[in-house]
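Should a chain be cited, it is by its letter among A, B, C, D and E, assigned in written order, with residues numbered from 1 in that chain.
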Amino acid sequence: MIVLDGVAQVFDGRAGPVQALAGIDFEVGENEFVAIIGRSGCGKSTLLRLIAGLLPPTRGRIFVGGEPVTRPRRDVSVMFQRPALLPWRSVLANVMLPIEIFGLERKSYRDRAHELLELVGLRGFEKRLPHELSGGMQQRVSLCRSLIHAPAVMLMDEPFSALDALTRTELSGELQRIQLEQPRTVVFVTHSIEEAVVLADRVAVLTPRPGRLRKTVDLALPRPRVPGRPDVDQAGRELRDLLTAPFGEEAT
Amino acid sequence: MIVLDGVAQVFDGRAGPVQALAGIDFEVGENEFVAIIGRSGCGKSTLLRLIAGLLPPTRGRIFVGGEPVTRPRRDVSVMFQRPALLPWRSVLANVMLPIEIFGLERKSYRDRAHELLELVGLRGFEKRLPHELSGGMQQRVSLCRSLIHAPAVMLMDEPFSALDALTRTELSGELQRIQLEQPRTVVFVTHSIEEAVVLADRVAVLTPRPGRLRKTVDLALPRPRVPGRPDVDQAGRELRDLLTAPFGEEAT
Amino acid sequence: MKARGAVLPVVGVLALIGLWWLATIVFSIEKFLVPSPADVVASFLELPGYLLGQSLVTLAETIEGFSLSIVVGIPLAMLIVRSPLLERTFYPILLAMNAVPKIAVAPILVVWFGFGQGPKVVLVVLVCVFPVVISTASGMKSTPHELVELLRSWDASRRQEFFKLRFRHALPQIFVGLKVAISLAVIGAVIAEFVGADAGLGFVIVQSGASADTSLAFAAMTLLAIMSIALFYGLAYLERKLVPWAEEHR
Amino acid sequence: MKARGAVLPVVGVLALIGLWWLATIVFSIEKFLVPSPADVVASFLELPGYLLGQSLVTLAETIEGFSLSIVVGIPLAMLIVRSPLLERTFYPILLAMNAVPKIAVAPILVVWFGFGQGPKVVLVVLVCVFPVVISTASGMKSTPHELVELLRSWDASRRQEFFKLRFRHALPQIFVGLKVAISLAVIGAVIAEFVGADAGLGFVIVQSGASADTSLAFAAMTLLAIMSIALFYGLAYLERKLVPWAEEHR
Amino acid sequence: GGSGGTPSAGRDKVGYLTSFGTFGRDAYAYVAQEKGFFTEAGLDVTITPGSGTVDVLKLVAGGRADVGTADFTATAITVAKEKLPVTAVAAVHQRSLAAIISLEGNGITRPADLAGKKIADQAGSTNQVMFPVYAKAAGLDPASVRFVPAAPPALPQLLASRQVDGIGQFVVGRPLIEAAARGKKAVVLPYGDLVPDLYGNVVVTSKDLAARNPALVRRFTAALLKGLGYAIEHPDELGAILKKYQPAQDAGVAAAEIGLMASYVRPAGFTGPLGQVAEARVGKIIGTLTDAGAIPAGALTPADVVSFGLVPRS
């Protein structure tokens, strides 16, 4: 579904260029759930923006569904690292925004919006403005917005980073359920190994800046997975050990 | 050092009032490190803003160092949940901002700023502007800024939420080391039980909205603590069980 | 902002009038130069109906021209924001048009458009389209990059990017432009009336000027000031209705 | 924005001149109404030294008045932002002053300040202080709440809040105000020169207007346009130097 | 600047305002300056272009200028209505320059042709105020002529572009109008032909200065009138002199204007000294203005508006 071929990204800043990503060759299969793990600043968000067609790569080529990516596609949805809510829109109106943009019939999606808000624990907050919400609540609104329509590819950038452990577990459980019911291609950036192990079919580990693909780990554990299950926890420990181990030749 | 006496907070929004905190009675001793845990939207950030004197409580009284809090104090520093960097200032200039505000001599703090940036892995980014940084890098700049001077009280709102597991562990280790060398009163909001167990002398658990003090847990484990040490992990498990258990009469 | 909110502006205006009155007395300024508020009120009371009628003429021209400026200026600003090429090409033209003193152009407009309302409305547009364009364009350009990227990620059309995002984001700044423009609009209408009109407050001012009836001229100018202030607060009211989300929480 | 960046504005202006020329030919507009660019250039070449000298007079008044507006306007805006009380009291006064057509005030200013540069500078200030104040105030008010709270958390003084934060945040909007004001400043100087002046481009326009020497009037207006555009781009250049952080990344 | 370059030691400073700008019709002041008449009179004169009668009167009354030139009719009305403390001390034009100017082909050759026509003029100008008087003298119903107000600079353009049939002008405006109309001949209908009593411009000063320093006022008036006399006798020189002080002016037009003006400064049969103002005539003008409704009855006496003691005598 997604193919990255020799992708590199260099940003030109005031204080000289920054190499964010270098020589990424990577594929994500149809309906595969891939988690991306890597140290802060290694280029995870940049990678998502490249796949989303929001940024042309400095080098290399990117394909989604067999077509080269030149601009954003409607069947690819992005949930950004920051909530990016429109400050003048109520919670509900923010969630409904993609529906408006796609010109879909609002009425038929309004119930879904309410369901999603209920699911993430924001019932009763539909009419509030973003600045009246806590950080985690804003992130949950952003999550609902990215789930309101059913894209073929979902790119999610640390979707649960501002949430408490409990809500996090609940929501990652929900995400797993949705994925089992209606499988999609998901690229999911996270800092939580536990989350990666519960959700992902495969975990891609990036090296620190410039981000290269250090390793990918297949997780062939039966679903639904829950944290605490011995095999899940075991996979988590292995992944953690891998991450803590010194880098080989790729280390900066 | 910090005393909260019957503190409650109600926000008046367009869509009616929201009770964020209700009847909080709580004390933090001098040089005590208290971690606050609670579900998203339960009022943790609001609690910090109240202690910082940025918001007058709807009900109740707050004291810091024996004096009632009516406005922000310079010996209390806040690290906000969002990085809140000045977009036109370079990384270094953002870190130096409190020094400028306090009218302290810049030269003598510049080295410290460089050290802190080095510590959080931002060496070489001193001259960049915030929008050239990744989310986690911005958060680390904000962390350096809150550490540049030595306040008596530090209020930290999910300081490591945007960081990967490794950086997180490193930085919480650093924070522990600093706290051992120069003890301060710290109120530390976190969603990570592991972090709370490693850092805190005491963990305060809030109920969901409206936030009430559900329980406080003393952690009398020897320092320095590292994750993976059996007693630390054990405390973590206990805390997690406590959180996952259904609420008593306080449940919403 | 209810009843109490109206007290201070009134105090401010009363203070201004008091100062003016005091000045005419203390510096014994001649009436033909600066009449006292009493003279001005007396002048108004001589011809209240006539003066209000003339005010309505000026008001109509002002509102017509101002509305037209919005209709012309906002799409122009969008074009400018959309294409840096158009920006670089159009801006200097706009600037050149804006740089010409309108009083110097007014006679040409009269020759072209005759003595009716036409040239007045055109002049109002010429005077106030620039602040509308520049503030709208600046407001739309300052839309946070992350929100623009959000809409782009959905492959939103340019139109959607403008109307659902940039325009809404720019509203506070657009209103600053409109507030500057509305005063200019009133003045533009008056200037146009200086040149070839037989009605409107500008005409009253010229005519009273011709006979050094300074009190009458001041009465007309006071009516202009009232009109201008009322229009400004009308805009401010509209702004509060349209941009209710607290200003600082952007 | 180097050499290539200058091409488009030049193209725009040339297109404008071309259109103007074409119009004078196609509609066979009489020279006394709208002279062709050739007539205007000929008019300029008759008295190049004189006209440039008059331009300098107007330029000096413009820059003096404009600078004074900044010096007066920005602190005023700070007062307004600082205290809603002052805002509600001052705004109507400012509005009233802004609402009065300045041409009507010009003679009074001459009586008070004499025939020198004084009344011209005062008029320029009266004309352009309002956009400066309103855009500065609006820019400072729109500072994100989280940044204001950050500074408050350090118990920063009001002065620091203004200079380290609000002012810097408002700079792009302040520049919008300045860009609107600079054109008004030029026009203000010209209007002031209509009355009680014996130098400046405004004086040249009055003289030529009354003698139906439209080519000369257009030459003067062209010089004004050039001056105005140059000042505008000077401001734009200053803005790029002072606000280098990309506009959208706020 | 308008003042001469000679040192001003020991001379009295006088600020002078022309009636409107620095056209040929007002250029005699520069002649007096250039020919040294002011210096001879012990005066250091600064010439500033005025911006119309009312502004001149205000500036003189307010003490910003010592002396100025203004239309007499407008001065009388202004003094009567607004009690401006100004007074006339000499006449520049013995007959009013006010006129209606039209163009050949507009169907206007004589005053009676004005019936049913559209005339543009500055709001409240002398031409408009005095039109009923002129119309009556011409046997015309004033109501049959439609006046549309327009700013002075627009007038020639409105006429040339045929937006209107005629415009209010001074007779000396003929060269300008013909220049603007490119080839077409102007038709000039001077009010003075039918209403010969009206004065044109007069020299005005403040009542205060007239009382305080009458000698200075006399000296100035004499020197200015000497310049006026020289100007109408040497129109060719005037163009060059004006051009020297005001480079933007057209020397040819200025010479033509002053040439046309000569017979209004010194009309045929006029034997009095330059600048003369006759009390009886002023009384008659006031009567006419009162009849025309321009000033309230009994609001003005000749002495209110003219300091006959300062007026030049032979």
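Going forward, a residue touches a chain if its C-beta (ideal position, glycine included) is under 8 Å from a C-beta of that chain, and two chains touch if they have at least 3 such contacts.
Since this is a predicted model, take the numbers as computed values, not measurements.
Novice: Among the chains, which one keeps its Cα centre farthest from the Cα centre of chain A?
Specialist: Most distant chain from chain A: E.
Novice: What whole-Å value do you get for the distance between chain B and chain E if each is reduced to the mean of its CA atoms?
Specialist: Chain centroid spacing, chain B to chain E, equals 84 Å.
Novice: Can you check how far apart chain B and chain C are, centre to centre, with Cα atoms defining each centre and the answer in Å?
Specialist: The computed centroid separation for chain B versus chain C comes out at 50 Å.
Novice: Just give me the whole-number Å value for how far the CA centre of chain C lies from that of chain D.
Specialist: Whole-Å distance between the two chain centres: 16.
Novice: Return the residues of chain A touching two or more other chains; collapse runs of consecutive numbers into ranges.
Specialist: Within chain A, the residues that touch at least two other chains are 14, 82, 129, 131.
Novice: Do you know which chain E residues sit against two or more other chains?
Specialist: Residues 58, 62, 153, 157, 161.
Novice: Would you give the residues of chain D that are in contact with at least 2 other chains, written as numbers and ranges?
Specialist: Counting only residues that touch two or more other chains, chain D contributes 33, 111, 145, 194, 209, 246, 249-250.
Novice: What's the complete list of touching chain pairs for this entry?
Specialist: Touching chain pairs, listed by label, come out as A-B, A-C, B-D, C-D, C-E, D-E.
Novice: Can you list the residues on chain C that touch chain A in the complex?
Specialist: Those residues of chain C that touch chain A are 146-147, 149-156, 160, 164-165, 168, 243, 245-246, 249-250.
Novice: Can you list the residues on chain A that touch chain B in the complex?
Specialist: 11, 13-15, 18, 37-41, 43-46, 81-82, 121, 127-129, 132-137, 140, 158, 161-168, 191-193, 240, 243-244
Novice: Taking the complex as given, what residues does chain C use to touch chain E?
Specialist: Per the touch definition, chain C meets chain E at residues 30-33, 104, 106-108, 110-111, 114-115, 194-198, 203, 206-207, 209-214.
Novice: Which positions of chain D touch chain C when the two form their complex?
Specialist: 5, 8-9, 11-13, 15-16, 33-34, 85, 88-93, 95-96, 98-104, 108, 111, 130-131, 134-135, 138, 141-145, 148, 172-173, 176-177, 179-180, 183, 186-187, 190-191, 194, 202, 205, 209, 217, 221, 224-225, 227-229, 232, 246-250
Novice: State the interface residues of chain E toward chain D in the complex, per the touch definition above.
Specialist: It comes out as residues 1-2, 15, 20-23, 47-49, 51, 55, 58-59, 62, 64, 152-153, 156-157, 160-161, 176-177, 179-182, 246-250, 253.
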